[in-house]
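The same chain A turns up in both complexes below, where it pairs with chain B and then with chain C.
Our next item is the complex of A and B:
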């Protein structure tokens, strides 16, 4: 057994957790899997070396805690997962006291020890890449170009991107902070069924609902079969929130300026 | 919350390329008819000056959306 497997095994033996969310190989695919103390032999399949796949484990955790209130689950968490967990705690979807995080190192950021993503401090240092092609100033060069356009050209540019949308809902479904029980994107009046590509409304609804909640994990962009630069799009919403309200999602404590009770129904927390 | 949202939405419109002046909020009580008329009139005038909406179907280079199976 390697180190992560040993840690989880020890947690099981000490009865600290009732299950562990990680990844295993199944039929040639690397997939999320809930390991349990009842099947300790499975642990040898727990993936702990590169490549470790990336799925929205925090979202799976929400599903599990809805189905089994009070269950104590440990999970492998990259920094983006940890940001998602922080947001889900604020949204009352996860009980932090029943959640045990096994941090998975990525790259360095200002949020903690080795981690990755757009929260990167110095991408060049450790071979990690930022989620965009940086210009000389380290900014997302495509975004800087976009900002420099006039309104008409900027709208055309986004419309071009969104004209590729086939409304698969992949961006929404993979999103770790999407935990709503009702969704505007399924409202027949707002988003007529069968219309492809959907109106800009579809994307603006997502941008609006994600601003102040999106933790910029980039899973939406990875999931998009049409290659729409969704990450840049939602980052736009977050930049506005940061500019207007000085708030950046993903940290513990402070809540989004758009947080309100009733936005998300309280999950089945014990 | 509305005030926060309006500030955000205007910025979002600008980000995506829609003139922020196309969005307006005015607080008017039910007893303030002249203020209401003035708010609507001035907003309409502003919209007229801005011209037709770029989101109008078929404009700005985007194909008009079609229902699936409409034979695009």
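Our next item is the complex of A and C:
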């Protein structure tokens, strides 16, 4: 057993957790798997060091905790997963006291130092793309290019991108902070059925709902069959929230300014 | 607490995207695109994302239906197949093989579709075969 397997085994023995969400190989595919204390031998299949494709484990945790309130689950969490977990705690979707995180080295983020990450290895190794193509200064070069455009050209650039949208809802479906019971994107009057590509409303609804919530994991962009740079798009909303409120989603404790009810009514918006 | 992720193939079209079905205590919950599938590389269309929804749909057919004077009526497989055989033979004798066509399905296996085209070409004697997934 490797060290992670040993840690989980010890947690099972000490009855600290009722299950552990990690990855194992199944029919040749590396997939999320819930390891159980009843079947500790299975832990030898737990994989934690190979390049692992990213699945939204925090989202799976939400489903499991909804079905089994109070269940104590441990999980392998990359930095992006940890940011998602922090947001899900703020949204009352998971109980931090019942969640045990075993960190997995992960990709670059504005909130942490760049660490070793399967996501940033060459695409040939794991089929993933890096979150952006860094220029000489390490900045997202496409972002810098986009910011240099005037508003009209920038709008045209986004409209071009969104004209490729086939409305698969993949961006929403894989989003780790999408836990809503009802979704405006399924509102017939707002988003008419059969209209492809959808008009800008579709993307603006997602952008406004994600501003101050998006944890910048880029799973949406990875899932987009049309190759729309969604990560960069939602970063725009977060940049506005950060500028107005000094708030960055994904951090522990720090609550979104949108949670402070009454702010808008009192006319306190800057 | 039994949570499983089952890798399989999307049943909808001939593309064959890899999907991962999430099953909690025997209940299908969600479909994710399979990131390690060389076909779709972690992407899916809208139909693929809802691939788990039809499985327990109350609208699914559970018996063969035979169209008669009173519309579609439930019948047994024996009666339905007998009807198909006798009508195919009648049309074949009266009008010839090119008056018959076959529609295969993306929900069948490759082998089942192979058998259908063999039946169509070799047994009936026509090239009138197509499938539902001509997208």
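In this text, the second predicted complex is superposed on the first by the 231 of 270 C-alpha atoms of A that agree within 3 Å, B and C clash if a C-alpha of one lies under 4 Å from a C-alpha of the other, contacts with A are read in each partner's own complex, and residues count from 1 in each chain.
The rule we apply is simple: a residue touches a chain if its C-beta (ideal position, glycine included) is under 8 Å from a C-beta of that chain, and two chains touch if they have at least 3 such contacts.
Keep in mind that what you see is a predicted model, and the values were worked out from it rather than measured.
When the two structures are aligned on the shared chain, A:55 is found in touch with chain C, with no touch to chain B. Residue contacts after overlaying the shared chain place A:30 against chain C, while chain B stays out of touching range.
By the touch criterion stated above, A:156 is placed in contact with chain B alone, chain C being left untouched. After overlaying the two complexes on the shared chain, residue contacts for A:63 are found with chain C alone; chain B is out of touch.
When the shared chain is aligned, chain B comes close enough to touch A:200, but chain C does not. Touch criterion met: A:225 reaches chain C, while chain B stays clear of it. Using the contact criterion defined above for the overlaid structures, shared-chain residue A:71 touches chain C, although it does not reach chain B. Counting contacts as defined above, no chain A residue meets chain B in one complex and chain C in the other. If you check the complex, the residues on chain C that touch chain A are 1-7, 18, 20, 22, 24-25, 29-30, 32-37, 40-46, 48-49.
The touching residues of chain A, when paired with chain C in their complex, are 18-19, 26-34, 36, 53-55, 60, 63-64, 67-68, 71, 127-128, 166-170, 173-174, 222-225.
Interface residues of chain B, counted against chain A in their complex, comprise 1, 4-5, 7-9, 11-12, 14-19, 54-55, 60-63, 65-69. Contact residues on chain A toward chain B in their complex (touch as defined above): 149, 151-160, 163, 194-200, 204, 207-208, 211, 236-237, 240-241, 243-245, 257-258, 260.
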